[in-house]
Structures are given as C-alpha cells and as structure tokens.
Amino acid sequence: MIRTIGVTYDNEVELNESIDEVDFSRYRWFWTDFDQPTDHELQHLAYTFQFHPLAIEDCIHRLQRPKLDYYDDHTFFVTHIVREEEMEIIKEELDFFVGDNFVVTFHNLPCTEVAQVWNRLLAYRNLEKWNPFYVFYEVLDKIVDNYFPLLYKIEDSLDRIEDNTQNKSMDHLMDELFDTRYMLLSLRQTINPMRDLLYRMLNSHHLNEVMERREYFADIYDHLIKLSDMVTANREMTSDVRDSYLSLNSHQTNNVMKVLTIITSIFAPLTFIVGIYGMNFEYIPELGWQYGYFLTLGFMAVIAVVMFLWFRRLGWFK
Amino acid sequence: MIRTIGVTYDNEVELNESIDEVDFSRYRWFWTDFDQPTDHELQHLAYTFQFHPLAIEDCIHRLQRPKLDYYDDHTFFVTHIVREEEMEIIKEELDFFVGDNFVVTFHNLPCTEVAQVWNRLLAYRNLEKWNPFYVFYEVLDKIVDNYFPLLYKIEDSLDRIEDNTQNKSMDHLMDELFDTRYMLLSLRQTINPMRDLLYRMLNSHHLNEVMERREYFADIYDHLIKLSDMVTANREMTSDVRDSYLSLNSHQTNNVMKVLTIITSIFAPLTFIVGIYGMNFEYIPELGWQYGYFLTLGFMAVIAVVMFLWFRRLGWFK
Amino acid sequence: MIRTIGVTYDNEVELNESIDEVDFSRYRWFWTDFDQPTDHELQHLAYTFQFHPLAIEDCIHRLQRPKLDYYDDHTFFVTHIVREEEMEIIKEELDFFVGDNFVVTFHNLPCTEVAQVWNRLLAYRNLEKWNPFYVFYEVLDKIVDNYFPLLYKIEDSLDRIEDNTQNKSMDHLMDELFDTRYMLLSLRQTINPMRDLLYRMLNSHHLNEVMERREYFADIYDHLIKLSDMVTANREMTSDVRDSYLSLNSHQTNNVMKVLTIITSIFAPLTFIVGIYGMNFEYIPELGWQYGYFLTLGFMAVIAVVMFLWFRRLGWFK
Amino acid sequence: MIRTIGVTYDNEVELNESIDEVDFSRYRWFWTDFDQPTDHELQHLAYTFQFHPLAIEDCIHRLQRPKLDYYDDHTFFVTHIVREEEMEIIKEELDFFVGDNFVVTFHNLPCTEVAQVWNRLLAYRNLEKWNPFYVFYEVLDKIVDNYFPLLYKIEDSLDRIEDNTQNKSMDHLMDELFDTRYMLLSLRQTINPMRDLLYRMLNSHHLNEVMERREYFADIYDHLIKLSDMVTANREMTSDVRDSYLSLNSHQTNNVMKVLTIITSIFAPLTFIVGIYGMNFEYIPELGWQYGYFLTLGFMAVIAVVMFLWFRRLGWFK
Amino acid sequence: MIRTIGVTYDNEVELNESIDEVDFSRYRWFWTDFDQPTDHELQHLAYTFQFHPLAIEDCIHRLQRPKLDYYDDHTFFVTHIVREEEMEIIKEELDFFVGDNFVVTFHNLPCTEVAQVWNRLLAYRNLEKWNPFYVFYEVLDKIVDNYFPLLYKIEDSLDRIEDNTQNKSMDHLMDELFDTRYMLLSLRQTINPMRDLLYRMLNSHHLNEVMERREYFADIYDHLIKLSDMVTANREMTSDVRDSYLSLNSHQTNNVMKVLTIITSIFAPLTFIVGIYGMNFEYIPELGWQYGYFLTLGFMAVIAVVMFLWFRRLGWFK
C-alpha cells in the first residue's frame, strides 16, 4: 500500500490513497508511505521518485545496518524498529528518504510508529511547525523511545535471575542468562549504529534542516547514549551474575567434597577393623578375650574421635 | 517550594519565599531554587522562565544522564547526587539553568549541597565574588566532594572482603563482592558522564564564565579523573579477589580429593581381603593355618605401606 | 595465462589471448588478467608494465595483508578472496593495479569473481559506463558479497552448537566451537583490513575516480562494517556458549557429587554397624538378645532417616 | 623546615636556613624547599609566595593524582615518589612550583631525590647550566629512575612465583600473586598519569623552558612509556600464571578423580561378592562345593581384569 | 671494533679498519660501525662524533624501547634484533645515528644483519643508489624480515599444542602454552614500538630522505602491521586453546564423577544387605528360610536394576 499526505501551498492537508493519481506539483511538501509494498509497487521507488539504485537495493534487502547516505537531492536513512517476543529480539527496518519537499518512508511490516505520526499529521491544524524533517524527527523519536521498555524488561529479568525470586532450577537460570546476553548483543548491534547515525547527523554540514532543530535531534542522541550505556552495563552485570554463580558453585562443590571425605575417612578404617574380627581364621587370639569386643569398640571410638579432631584442625568444619 | 535569592544592584541580598511576588527587574542577578516542586509549581519553568521544552522534559523525567545543553540565553546542566544505603547506590538528579543574571536549581528531593551554599550566600557580606556561575561552581564542588566518602567506603569494604577480617562465610563474601561490583558499575555510570561534562565545559567556547574561573572547574575535573581511576582500579580489584578465591577453592578441592582418594585406596583392598576370610566356604585352606591370621595382618600392612609410598612418590603429600 | 581485453577508441571490445601480440596503443583502456601466471609470465609485470618492484614483490609473496599503495601512475590493491572447506578458512590473494587507462588483475589460483566480470564485459554492448575503476568496483563488490554466505554458515553452525540439535557429544561440540572461533579470528584478519582499505579509499584525495562513484564504494564499505560487526558479535557468542557450558557443567558436577555424598553418608555407618555384629568375638552380649536383630534394624533405620533429614535441611535435594 | 638556596646575579650560591630572613631581591633565581613543614610554616605558601589557593589545597591534601596546572606566573606540578615495603607500594607526593626565577618544592616526608640535587647544587661551581627548570628536571629524572628497581623486583618475584623455585605452598603463591597484581595496579595509577603529565609538557605551548631542553624531558617520557609497557605486560603475565595454575589444577583434580574411581570400581563389586559368601544363611549351596572358594577367587580376578581393561580402553591410564 | 666505509666524491669505496686514521673530509658520505666496542672505543661517540649525551646514554644502557629521536644534525634510532633460543625470546639492541653524510651503527653483540649489508656495500659497483638512509633502510628491512620466521615457528608450535600431535602429557602442553604466551608478549613489546617508529617516520616532516623513498619504508611498515596482527591473533589463539582445554577437562571430570557415583550407588546398598545377613545374632529368622539366600539375591538384583534405570532416566549414560 502506498499512501501520500500532501500539504498544499495554503497549508491544507490532503490524503491520497493511490500513488498513481497524486499530482505532486500541487503540494508545498508531501509524505509518501510505502507500507508493505508489493513487488509491483516497489517500482515506484525507481520510476516515480527516481531514487538511487543503491538506496533502493538497501530498501529491498532485509535488515541493513542503521546508517545515513547523502544523495544529490535527498538523504537516505536506514533505522531499526525493535520488539521482543519470548526472550528474542525481533528487528524491523524502517527506511526514510528525506528531501527538501518530501519524505518517503518504507517498511515491509506494519509500523505503529509511522501510523501514530501519520494520524497526528492528518488531525493537525497548525501546519507551520511541520516539514519533511519534522516528520522524520517525530517518527525517529518514537522509535528510540520504544527501545527503553525493552531494556527495562531486560533489567527486570536480570534482577529476577540474580535473586532467583522465582526459585527456578539452575539450568533454567543459566539458560535465561544466556538468552539475556544474546538479546543485549543483538540490541547493541542496533543501538550503537543508531547512536553513530545521530552523531553524524549532529556533526554533519550537509543537513541544514537538522541544524535548525539541533536540540531536538540532540535529545534523541542523549537517549541513545543512555541506551548504549545501559546495554554495556547490563552485559557486565550478566557476566557478574554468571561469575558469581560459578564461584558459589565451586565453593559448594568444595563443601560437599569435604563432607564426603570426612564420612569416608571415619568409616573406612572402622569398617576395616570390624572386618578383621569377622574373619573366620581358626586361631585369632583376640576373639577369645573376655573384653575383646568392648576393647575393640573403645579402640574404634578413639579412631573416630582422632579423625574428627584432625579434620577440625584442618579447618574443614568452618 | 520555590524560593528566590535576589542580589540587588547595590549588592544587597533579598530572600523571596514565594515566586509569584518576585520582581526580577530589581536584581543584578538572582538564584531560584525549585525544591521538590508540586505539579503546579512546575509550570513556572515554562511560563515564568520560558525554558526550552526539552530542558523542562529532562527536569521532569527521572535520572537523566549527566550532561550539558546550550540554549539561547542559558546553559542547562544535569548532575547526579549520590548516596549509599545498605550496599546500594541511590542517585538523585540536580538540574541547573545558568544564565548571565540567573541560576535556577531544580531537584525532586531535599538536597543538602544546595542548602549549604544557599545559607552561605544568605550569610555572606562581600558579594562581589558571587555570580550565577559561582553558585553553580560551589554546588558542583560539593556534589563531587561527596562522591569520595562513598568510594572510600567501598575500598574499605573491599579490604574487609579480601582479608575476610570478619570471618564471614564464603557465600556471604561472594554476595558482598557482587554488590560491590554493582555499586562500582552504578557509580561509573555517574562519574564518567560527569567527568565528560566537565571536560566539555573546560574545552567549550560557549562558556566565557567558565574560562574566567578555569582553574576552579579544572580542580573539579581533577577530582573526577581521580574518581574514575579509582572506580576502574576497584573493579579490577574485585575481579582479582574473585579470581583469587576461585583459584584457592579449586586448589582446596584438589587437596580434599587427594585425602579422599588416599583413604579409599588404602582401605578398599584391605577391606576386601578381610572380607575374603570372612566367607563361610567349607573349604578355605588358609583358615586352618596356624599363623594364617598373623600372615594376613602382615600382608595387609605391606599393602598399606606400598600404597602410602606410591602416593608419596606421586607427590600427593606435598 | 595472461589475457587482455582492450576497449578501442570507438568502444569496441577486443580479446587478446597472448600478451606478446597486444598493441596497447590501439585501446582507450584495457584489462589484463594474470591468471595463475608461470614464472616466465611473471616477468611481464616488470618488463611490459614496469610496475614498482615492491608491488611486484607483494604479488609474488603469498597472502599479503589487504591494503592499497599509491604509485606514480597507478594504485596497487591487495584483496583477499575467502572460501570455507571443512571448517577451515581458505584465503587467496587477488591483486589489482589500477591506472587511468588500464587495470591489471593478478591471482595465483582460478578466480570466479574475476571470470564473471570478465565475461560480462565481453558480452556488454554499451561500454560508456565501463572504465578501469569500474572493473575494479565490480570485482571488489563480488568479493565482498561472497564473504556473507561464509558468515551465515558460521552463524548457523553456532546455532546448531548452542542448541545441540544434532545431539553430539560434548567433546565434539567443544571442538566445533574452537574451530568456529578460529574461523572467526581468521575472517577478522581479512575483513578488518579490507574495511580499513575501503575507508582509506573513501577518505583519500588521491583517487578521483573513486570520488566520482563514491556511493558505490561506500556501499561496499557498508557491507564490510556489517561483516566486521557480525564477526565481533559471533566471537562474543562463542565465548557465551562456552561460558554457559562451563557453568552448566560445574553445576552438574556439583549435583553428581551430592548424590554420591548422600549415598555414601547413609550407607557407610550402616555397613559399619552390620560389620560390628558380624564379628566373631566369643562374648558379644547383644548377639544373644532375643530382639537384638530387630533392634539393630530399627536403629539403622533411625540413622538413615536422620541422615536424610539432615541433607534435606542442608538444601541438597533442591 | 623551609630552606632556600639563592643564586645571586654574579652566580654565587647562598644557603638560607630560615625563610624569614631571605632577601629574594638579591637573587637571579632561588630554590625554596618545604621539607615536612609545620602548620605554621605552611602559611608561607599563601603569604610569602602568594600561590593560588587551589594549588596550596593540592599541596596540603594527601596524594593528589600526578598532574600539572598552569597559573599566571608559575606552573604547579604534582608528582609521586614510590617505594616498596613488604609487598606493598608506598607513595609520597612531591609538589613543584616552577616560575621564571624560582622553584619551590613541597613534601611532607623526607625526600632523598630532593636532597641529592640540593647538595649537588650547593657543591657546584659552574652555575650557568642551572636554572629553576633544570632543578625540576634533575629531581624528576631521579624520581622516575627510582621507579625501575621496583618493577625489576616485581618481575623477579613473578619469576619466582611462576617457577615456584622456593617450593612454597599454593595458598602462599596465590597470595603473593594477588599482592603482585595489586602492586602493579597501584603502580599503574602513578605511572600512567606521570606519563601523561610528561606528554602534556612536551606538547604544551606554555612551557618555553621545556622546549629549550626538550630532549631531556623526552628522555624521561621514554622511561615512563617503557615503565607503562612493563606494568601492562606484567599484569598480563600474572593472569597467565594464574590461568596456567588453574588449568593444571583442574587437570590434576581430574587425574585424582580417575584414580579414586578406578580403585572404587574394582573393589566395590569384589567386596560385595565376598560379602555374599559371608552371609549366614543356612542354605547357600555354593558354600559346600569343594572348589567354591577357588572358583570365587577366580571369578573375582576375572572381574578385576575386565574392569582394568575397560578403564584402559577409556584412556584413563594415559 | 670500529670500522668505517667511506664513499669518496668520485664514488670509490674505501674501508678503514681503525677509527683514528680516518680522514672524514675525503668522503661524500661514510658508514661507521661500532661492533661490540670496548669502553675505550665508546669515547669516540662523544669525542669524534659529538653525539648528544642522551643518545650516547641510550646506546650504553641495555635494551631501550625502539624509538627515534631527532637531534640537530642527525636522527637517532633504537631498534631490536630478535632471536629465539629454547622457547625464549632473546633481544639485542641495534642503534643508528643517521645524518646527511654519515650513518653510525652501534651494537654490543655480533650482528649478521649489519654484516650482510656491510659486505654488499663493499662489493657494490654502482654507488649512486646508496646513501646513509639507504644503508639504514637495508639493515632495517633485514631486521624486520627476520621477525617472521620466529612467528611462524610460534604458529607451528601452537598447531602442535592444539592437536597434541606429539602426544605429550597435559602438564607439558600447558607449560609450552604458557611459554608461547610469554614469547608473544615479549615479541609484542618489540613489534608494536617498531611499528609505531615506522609510522612516525612515514608521517614526520623532519625526514626528507624518508619521503623520497616513502614506498620502501611503507613496505617495512606493512610487514610490521602484519606482524602485530599475527601476535594479537596468536595470543587469542592461545587463550582459546587453554579455554578449550579447561572446558574439556571440566566435562571429563564430570563424566568420571558419574561413573564413580553410579558404581557407589549400586554397590553401597548391596554390600549393606549382604552385611545384614552376615551378622551373628542368634535369632535372625530369615537365615533359616529355605530360599532365604535366593530371595536375597533376587531382591538385590531388583535394587541394582532400579538404580540403573534411575541413572538412565537422569541422562547420566548419554
């Protein structure tokens, strides 16, 4: 579906549902949205708008890295929209062609961020504030704002993993930790290039429009720096949780080993001794002694106590 | 609560408890403090002072990253005040709007750093030294000075963990170590942006006021570099402590295993032998030998000694 | 084999199978391909084309690092073609000498990327678009595009390792992980210098030809940045998989140890007790008691239950 | 104690033991040394020399980070003197105020580096080479030269730890390794800022005096780069030693476990079998067989051999 | 030994074996080689050539870091020659003083790289190509070329360690791995400063001579970048090998533990049961049962099978 909003020279808003019938010359500026275009509709990028073949190629290929390219009469932006589904990051590409009197958005999946701004523009009265770059700003601001809930969700999930408030098995926790790390890795691959994209915009001499609204794009840049910091800090947190768990585990193994060794060390000699007097040799003098049994019990008690004291001296009961 | 200190053209200090009654034109410069403002009082940011909507948005949202933004007639600063409570870092935001003849501070929680400077200014006689940027410097200096006790506390706690002077259990120590690492991570997210903020101030060409007192802000920058170094070094220390602990643990497990193996290896064959002569077969020739019992004891002694020597040759008793 | 395509001044394409018979003066520009040249054919680099000895040395030595060198009348490029064979990265060098009216390619192994462009040029009608730098762009684009399938294969293999969908033994998985890491390391040593090469091209003031087609080379640069990101992320993934596996393993060892210790701790005292009443002393009073056997059984049941409860209290059954 | 060496306009050296009696106007340049000054003597920094309050504050506070500050008529340097005592790094601060015709040194502990240069200056005949910056160079050169023995000592100690030439227990070695890492961390916090200080000096346009003797300060900078490299390499060495030790330990644990498992696996079934024929059932047919005992012995030998071969096939004896 | 080759104004080569008899004014340029000079011969650096005291100090001190220093009429270079002996890196320093009409080399050990160029120059006819900087280039090229065999040897040794083709014990392998890491660390401390030295040469405005032969020094720089990449990649490889080994080991320990636990868990209850019926109580009813023995055997078989099935359900046999 390709729809166009045109803003006439006397600031009227017009909505065109079909690209074929639009008379672009009537508009001071317009916004065309390629919403899940068919293969046939794709042709308009080249024939109607005459965009550069490389930019068109980037639209069609899935999931380019976020970036901006300067072309003769417009700037081309690739951005990522990010959602989470069952501990997996889903990314969609949203492309912008922004020129002096047009903005073209392109997306292969329904995009709420575009829809919200689209409807707001249609409903708006005072159109002086709006222009192609302002449309771009409004959508971009929504995209970046929508990264936050994801990171907050990851932080909450990390808190749950760390305290194991849900009393899950360790295998389960380690699995969740791994998935969390993977989500952070995946987010980083979107957030860092987005941040660099904004940085280039703010420090570029090509984009006069950005300069006029510098503080607005700087505000988005702020958000992206904060997001990037959060991703880094959360990845470090995940390794801390894992290392912490490993330390604890190794300490626990050690303790279990000590219990086993103490038990074995005490009972192995005792069992051997009772085995001796269980032998059936015809001549074992001790067997005939009157107090042989009690002496043996006493002797074994002494061994057990000595063993116990030895392990205590080794500090194994601490 | 919104209070204002005005400094008149003849250097008199006046305190206004209500924003509505202030006649700003009477003052050479003034300082307005938004101390935990109500929703209604928030309006003054936009209506009375006409600050930029993005700066106001940053005030209202909680815990922006420390930063500075240049606006037409003032500079906007976001800073963090940091406290510790039960091994957790608590952060509060303190915002500054600094212009030629005004400084506006904004905080949603009581703030001792602001209160101290506020009272000092009220009590001061010679006001020539003071101006809006000097107020900003004085509060900022206090904020950064207050980061140090926190880091010293962390260093002390790390010392205690490392030597385990309080004889805590390992689980406990590892838990404290994890919390310490988290506190350092959290501090880094405040200290590094604060350091970068000061760096930008010192190298900016927008802030003439800073240039005139360059050495004062450079002194704060020094502190922040030192703090940043301390955070880095302490994080490395924590991993060293943990790795050290892991090494020791693995070594100890090894030792415990050796004890267990030696005990088992000596007693398993002996217990087997006494078992043999405990069998009730009708015809076991050895049982009838006169010295069968003593020969068996001797044979077992030989086995025990051989085992012992073998383990010693393997170096297990070192 | 040294073949030459010449483009005459009236845009005719001519193919020369032998270098000795080419009349270079007849061509507006030409492309000579050194395809697995013999030692004798190598001489033409120095005698026919008079390239710089250092560039020729780089051709002859195997596998230089990707780079570009500016010489007086041409630019020399070293690039890598990469294939995978049985979990090993195979690299081949493809060198370019690009001048105003010539491009010379040099490779010691058959090279499909060169062959494809060669044949396309031969079949082409409209030759205005083509020139030496365009030949270079076309081959380079193919080379870099061919890096992607390799990385996708590695990503698939990592997915298989992580989920162990093929139910392989752990030794096998760790081995594959190691090989994957090695492949990524090896790829990084090609992709990062290739990326830097493109970066230098795009920011160089020597290459006017590149400037005229900047967006095309920038497109290749995009691909290389994405590849470099993928290599980094995949290497982090591999360490995550390994650390995850280590954590799990350590947790499992711990569990196995607990089972062993519980079994041993319950049966060691019981076996000792039955050993006591298996002794053959003439005077063991308990043996004559009427309910001695049942009392002993009961006593042992109590010990087993106490042990069990103790371990449960220690949380070993969680 | 505050002592002053004055160099008169006819190049005579004069020593003044009391600051109160010095007539600074008589000297072409002078050197005042604050050697462990009393609180009262501290006043001279502000009243006699009128240094900047921030520089004086840095003198008084203990252990600022090494740095340099430019003030109107002098440059202020903070440097560290480093000693080692029982595997711990002790740092002392030495501060310099260097102006056109004076150098002031400040230290709260006795300082041999200052004393050596002080005495050399007093003994010197030809004073043309000397000026305030030369005094600073001479002391700084000594300070940095004294960092080397410390690092050599650490390197020697690391060699000893690695080869364990002194046959210490593992706990001891790990403890020394931890202390060594801590010393390196502490050294890095002095050496890196010192290196940056020299770098700033060499690349500053404020210090004409340095420019005239550039090669001398560059020589100190060389030393500091080498020291910084050594610290980095030695820290990596320490992790290598520890990782190496961990690997070995884990391998050894594995071996001990194998011995234990082999012993247990062979004797557990044998002990069970002899237990069977130790039972006192009235009717156990095998007990009456003539060769029952020998058959049983033979059967057990077969089990032992089979077990042994099985473990050999598993590769546990390698 | 101090020998000098002089090139006269009519391009004749003259060899002087003694420094004292050389008439430097007769030569267009000359090359003096200090080959393992005596303390007495060292004086010529200061008296005959009047080099800067700091450069002379660097010659005399052993093993400075590779670097270059600009002095008034010459440039001073410190370089490292590297050999391997029994898994240890041996480094020697070779220093150059390069001026407009002279090159002075200085080394405290015999140096084949110098000898080769020395002899080539003596044997050369056409001397126009040669000048002091060309001598420096020729020796430097040889030095850097000789770094490669060392790294190839390390790579081969790493391959051998990884596959353990020589079937060495693990202790041995870990030891070799540690030595390899140490060699790489040591090489890095030579190669990286050498690389930076070349980078400075290529980007310096002091060295006109280098600019004229830029491509030659750039060729050496290429080699050093490749070497630096190789060192980095090989160090990562060594950690991969070690981590791989650790993973495998931990997995193996786990498996051994499982065998031990299965054996113990099956035989501990069985041995307890046979112990029960080995007791000598006068009244144990089961002992009199006709099929008591067979019932007991059957019961024990059931226990063994149940245990076996339980462990199989736990997945311990996978």
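All chains are identified by letter, namely A, B, C, D and E, in their written order; residue positions are counted from 1 within each chain.
Here, a contact is a pair of C-beta atoms (placed from the backbone, for glycine too) under 8 Å apart; a residue touches a chain by one contact, two chains touch by 3 or more.
The model shown is predicted, which means the values in this text are computed figures rather than measured ones.
**Q** Compute the shortest path length in steps from subunit C to subunit D over the network of touching chains.
**A** The least step count works out to 2.
**Q** What chains, if any, are shared contacts of subunit A and subunit C?
**A** none
**Q** Tell me the rotation angle, 0 to 180 degrees, that brings the C-alpha atoms of subunit C onto subunit E, to the nearest 5.
**A** Rotation angle between the two copies comes out at 70 degrees.
**Q** With chain centres taken as the means of their Cα atoms, state the distance from subunit A to subunit B in Å.
**A** A distance of 24 Å separates the two centres.
**Q** Just curious, how far off is subunit C from subunit B if you go by their C-alpha centres, in Å?
**A** 39
**Q** Using the touch definition from the top, which residues of subunit B touch two or more other chains?
**A** Residues 246, 250, 253, 257, 260, 264, 268, 271, 275, 278-280, 284.
**Q** Considering only which chains touch which, how would you classify the arrangement: line, ring, star, complete or other?
**A** Its topology is that of a ring.
**Q** Under that contact definition the chains make a ring. Starting at subunit A and heading to subunit C next, list them in order.
**A** One full turn from subunit A through subunit C gives A, C, E, D, B.
**Q** Which part of subunit D faces subunit E closely enough to touch in the complex?
**A** 162, 215-216, 218-219, 222, 225-226, 229, 233, 236-237, 240-241, 243-244, 246-248, 250-251, 253-254, 257-258, 260-261, 264-265, 268-269, 271-272, 275-276, 278-284, 316
**Q** Could you list, by residue number, the parts of subunit E that touch subunit D in their complex?
**A** The touching residues are 52, 54, 57, 64-65, 67, 69, 71, 170-171, 174-175, 177-178, 181-182, 185-186, 188-189, 193, 239, 242, 245-246, 249-250, 252-253, 256-257, 259-260, 263-264, 266-268, 270-271, 274-275, 277-280, 284, 286-293, 296-297.
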